[in-house]
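Shared between the two complexes below is subunit A, which has subunit B as its partner in the first and subunit C in the second.
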Partner chain A sequence: MNEQEQQLLMEIADDELILGWRDSEWTGIAPLLEEDVAFSSIAQNEIGHARALYELVARARGTTADELAFDRSPDEYRCAPLVELRLMDWAETIARHYLYEEADAKRLEQLKQSEDPEIAGLATKIDREEAYHRIHAQMWFDRLRDEPRFVEALERLRPQAEALLDSAQRGEHTAELADLWEEMTMVRRSQPAGTKW
Partner chain B sequence: MIYEVFRQERKGQPLQHAGSVEAANDHFADVYAREQYGRRGESTALWIVPRSAVIAIDEFVDELNRNYHRVDGYPLKEKLKEARERAGTAAAHGDR
Partner chain C sequence: MVTEAQVWDALAEIPDPEIPVISLVDLGVVRGIDVDDRRVRVEFTPTFLGCPALEVMRDAMADSIRALGAEPEIQVLLDDSWSTDRITAAGREKLRASGFAPPSPRGIAAPTLVQLQSNAHRCPYCGSTETRLENIFGPTPCRSLRYCGSCKQPFEQFKTI
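Take a look at the complex of A and B:
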């Protein structure tokens, strides 16, 4: 796996980790119980995908998935600002979910064509789960497509979704990432490096 | 809307009531039922039925008191016990 491929996988892994974290913030407070379960499960899947991607890169770099996920400073993350936003509104959350799945489908399709069998294999595996995320996103899109609040959120967030497919638009972070990082890495930082969990 | 969910645990087995999901429409019901009753490989099939489609009966009136149609009130257990005792006594008599 060359440096460029590693970089691309890190971008996707960071997107999935941070979005999974953000989506999990709806656990317990989603609009209805059934959706709570479904959306929490999606959040968990995204974090699982991040883990699998980190593991692939970690092997190439002689490190571990945990170190890649938690032992970097916030400015070293390669996620797109769209996934960092702390959205407190369900319509906005679904708008982001829809835009993310749309872009994610495109980049997974490319990864599945990779000449590296490990990358192509993992992309195929991830895509099988993402298919359910897309069904979920589409179903909500169909339900909210005539709601002005949703349409407005979709239009406002759409420009930010472009960075998902463009490495050149990454690197800048929102202030919200620093807060998320603080919370996400708190437990790990409370223990000396090398602690076995 | 409330949907009742039935699940089949293994092929060939009857579908049994698993629970219900609240969903805005059939599509949501499909996704939520899969999530709650099918995601961990615990089901081979699901039936999802709007509760409004269920014909529910919970009253059984027996106007003419035809209780001979019913299976209760016939203490088979007692009768069996009595029969066993008689047979035991008979066997004991036979031994002698």
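Take a look at the complex of A and C:
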């Protein structure tokens, strides 16, 4: 796996980790019980995808997935600002979910064609799980497509979704990422390096 | 010296951590076993990547191989080699008997909402196909929730992947 491929996998892994974290913030407080369950499962899947992607890069770099996920400073993350936003509005959350799944499907389709069998194999596996996220996002898109609040959220967030498919638009972060990082890495930073849970 | 057959038998005794009615071998997560003197290498193909049971499965396999007096090496395969199609016929029947509807066969194309909403899914309790989708997601990433209109029983449906 060359440096460019590692970089791309890190971008996707960071997106999935941070979005998974944001999705998990709906656990317990989603507007419907079914969505509480759905967003909790989606969050779990996204973080699982992040872990597998970090694992592939970690094998190439001789490190561990945990070190890649948690031992960097916030400005070293390569996630797109769209996934960092702390959206506690349902229409905005569904708009981001829809835009993210749309872009994620495109990049997974490309990764599945990779000449590196490890990358192509993992992308194929991730894509099979993401199919259920896409069905869920489409279902909500169809339900809300005529609601002005949803349409506005979609238009407002759409420009930010472009960075998901363009490495050149990554690197800048929102202030919200620093807060998320603080919480996400707190337990790990409180323990000596190498602690296993 | 431990034989490959002994290792298969030992792994077939390990229950799935979340659905203990089926074993890891029934679940199809053991892709291959390679015995080299005292070293036993297991190719482990995970179910859903976010499944919290994966570590428990990996550690249980390692413990079981140590109990045979051998040195385990569990290789985690991060590819597309696990599918719900790998669940054995015996495993599917055990699932159904415990109220989990077994997964439909994997199709060539990805699943669609229309498929999930169709009544092609059979109730594990009464066998009726008068069932409807309640939620794509369920208590774990591998399951959906359905409701049987015939026997009025909600049930969990394995997602096909």
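In this text, the second predicted complex is superposed on the first by the 197 of 197 C-alpha atoms of A that agree within 3 Å, B and C clash if a C-alpha of one lies under 4 Å from a C-alpha of the other, contacts with A are read in each partner's own complex, and residues count from 1 in each chain.
In the analysis below, a residue touches a chain if its C-beta (ideal position, glycine included) is under 8 Å from a C-beta of that chain, and two chains touch if they have at least 3 such contacts.
Owing to the predicted nature of the structure, the values given are computational and were not obtained by experimental measurement.
With both complexes brought onto subunit A, simultaneous placement of subunit B and subunit C is prevented by a clash. In the superposed model, A:R143 lies in contact with subunit B only, and not with subunit C. Contact with neither subunit B nor subunit C is seen for A:H97 once the two complexes are overlaid on the shared chain. In the superposition on chain A, A:A131 contacts subunit C only, with no contact to subunit B. Once the two complexes are laid over each other on the shared chain, residue contacts for A:G121 go to subunit C alone; subunit B is not touched. With both structures placed on the common chain, the touch criterion links A:H173 to neither subunit B nor subunit C. Contact with subunit C, but none with subunit B, is seen for A:Q44 once the two complexes are overlaid on the shared chain.
When the two complexes are overlaid, the chain among subunit B and subunit C that reaches more residues of subunit A is C. Shared interface residues of subunit A (contacting subunit B in one complex, subunit C in the other): 34, 37-38, 41, 132, 135-136, 139.
Residues 32-35, 37-38, 41, 132, 135-136, 139, 142-143 of subunit A are the ones that touch subunit B when the two sit in their complex. By the touch rule above, subunit B contacts subunit A in their complex via residues 21-25, 27-28, 31-32, 34-36, 39.
Of all residues in subunit A, those touching subunit C in their complex are 34, 37-38, 40-42, 44-49, 51-52, 55-56, 117-118, 121-122, 124-129, 131-132, 134-136, 138-139.
Taken in their complex, subunit C has these residues touching subunit A: 48-52, 76, 78-82, 110-113, 116, 134-141, 145, 159, 161.
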